[in-house]
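Encoded as structure tokens, the structure appears first; notes follow it.
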Amino acid sequence: MENIVNNRIKLELLSKGENVSLARITIAAFVSQLNLTLNDLEEIKVAVSEAVSNSIIHGYQNETDKFITIIGTLYTDKVEIEVADNGIGIPNIKIAMEPTFSTDPERMGLGFVFMQSFMDEVRVESKVDYGTKVILSKKINSTKENIAVS
Amino acid sequence: MENIVNNRIKLELLSKGENVSLARITIAAFVSQLNLTLNDLEEIKVAVSEAVSNSIIHGYQNETDKFITIIGTLYTDKVEIEVADNGIGIPNIKIAMEPTFSTDPERMGLGFVFMQSFMDEVRVESKVDYGTKVILSKKINSTKENIAVS
Amino acid sequence: MCLIMNSKKNALLIKVGGDFDLVSASVFREKIDKSLDETMCKHLLIDLSRVKFIDSSGLGVILGRYKKIKGNNGVMVIYGANPAVEKILGISGIVPLINVCRSEEEAWKIIDKTEVKEV
Amino acid sequence: MCLIMNSKKNALLIKVGGDFDLVSASVFREKIDKSLDETMCKHLLIDLSRVKFIDSSGLGVILGRYKKIKGNNGVMVIYGANPAVEKILGISGIVPLINVCRSEEEAWKIIDKTEVKEV
């Protein structure tokens, strides 16, 4: 079955903390064009929040004048959200994605855990000194409600 | 006084009707980072709605696979929103902006009237066959409430 | 976006809700016209109290229906607009043309008055 | 984003509200720590009933405060989480560490019990 793109949005944001909620609100309004459950919506918001926060804190080390690009795509049966930065990159993606792993002693290393718990697929592409792209995707279907979460 | 950019956002949307409300919601969330009145917020939403609708209906003649670019900028004392398309363009901007002028018999020619009533400045740049850019700006200040509207 | 319809005597009552913009305008236009045709109602009442947002596309539907009703010698009344919606109505110049009031009760009174006159 | 604080006996009660993410996390962290220092309270109760959204940044503040209270031999209780927030708490593994309950009343009971034991 071919994947038909029903809608697409591209959002470029400065790496400022207040833009995390802006990204969440925009993506929530965007994915609401699909007929999804409130539960799916909440889960997508958390995943987007984690990815954008990571670009700010880790990718750009809290510098506020860099850009983050978010691309959302609605397919008939799934939604895909790409969050990309041109920050410091991740030297070892496998280790970075392990639960509780964090390079920041103040943080808990749960960002990727939430992304993986709440989305059906989390792909990460990264190159040190070039940046990081996180691709979050979630299937949208009516039987979804029957699948237990966590 | 120099104009300091406090935040900037760039949004690219497909020229689909359902993206008009998406543009409104995103810009509303964005400008809410300023301390503006509910009245200002409502007015900005109408102006954005008109500009984006115009790009879809007039600029792209209701074709749904074209792109509209929206750039929002927050300054200390004003907000500026640019809505641009690569559509058919406007041959005579002055005439197009006249109240009740419309090239579409089904429409009322009130889009520019609302943009001008609700924003402090509306600038239009357009070139036939190249596209149109509408720059909406609104001053944000605490005395704003005292100025009568309409 | 929501729409509730109800016809009584010679009048069709429509309760519009949500955001009244480009997308919903064409949906509302179609549904209202279909109902007007089916019920053969002469008068039209539009309840705007559930409308949160309106722009010129939404307004166009209202003005278009006004022209249709007027052409058929009917009366059109809109009521319940919130302050933001009311401001839009004011700027548009639509107010002197269409009967605008606050409540469904007032709206029916305007319709009843017309019906009596006709009899 | 909102924050209401209130201290009673040896305990500080904080009512957190709104979206609990990166930006509000640092605000909350500072304010809570300042109040803990000023009131010299030993125990901490956090009311999450007004929290609409939480992510790992928000959770980090809760876990960080837990460590601080624990290090001072105090008791920490969180209560009132809505289902979405509760799910996040569940996945995070924070629940076995911190006292989680439904209402302020239950939360105070947990604190009182500890105080009695200590006496």
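In order of appearance the chains are A, B, C and D, and numbering begins at 1 in each one.
Going forward, contacts are C-beta pairs under 8 Å (C-beta built on N, C-alpha and C of every residue); 3 or more make two chains touch, one makes a residue touch a chain.
Values in this document were obtained by computation on a predicted structure and should not be read as measured data.
When each chain is reduced to the average of its Cα atoms, C sits farthest from chain A.
Chain B and chain C have Cα centroids lying 27 Å from one another. Note on chain placement: the centre of chain C and the centre of chain D lie 52 Å apart, centres being C-alpha means. Note on chain placement: the centre of chain B and the centre of chain D lie 44 Å apart, centres being C-alpha means. Across the assembly, chain C contributes no residue that touches 2 or more other chains.
Chain B has residues 18, 21 in contact with two or more other chains.
Shown are all chain pairs that touch, namely A-B, A-D, B-C.
By the touch rule above, chain D contacts chain A in their complex via residues 19, 21-23, 26, 53, 55-57, 59-60, 63-64, 84, 87-88, 90-92.
Of all residues in chain A, those touching chain B in their complex are 7-14, 16, 18-19, 21-22, 25-26, 29-30, 33.
Listed in rising order, the residues of chain B touching chain C in the complex are 17-18, 20-21, 24, 39, 42, 45-46, 49-50, 53, 56-57, 106-108, 110-111, 113-114, 117, 149-150.
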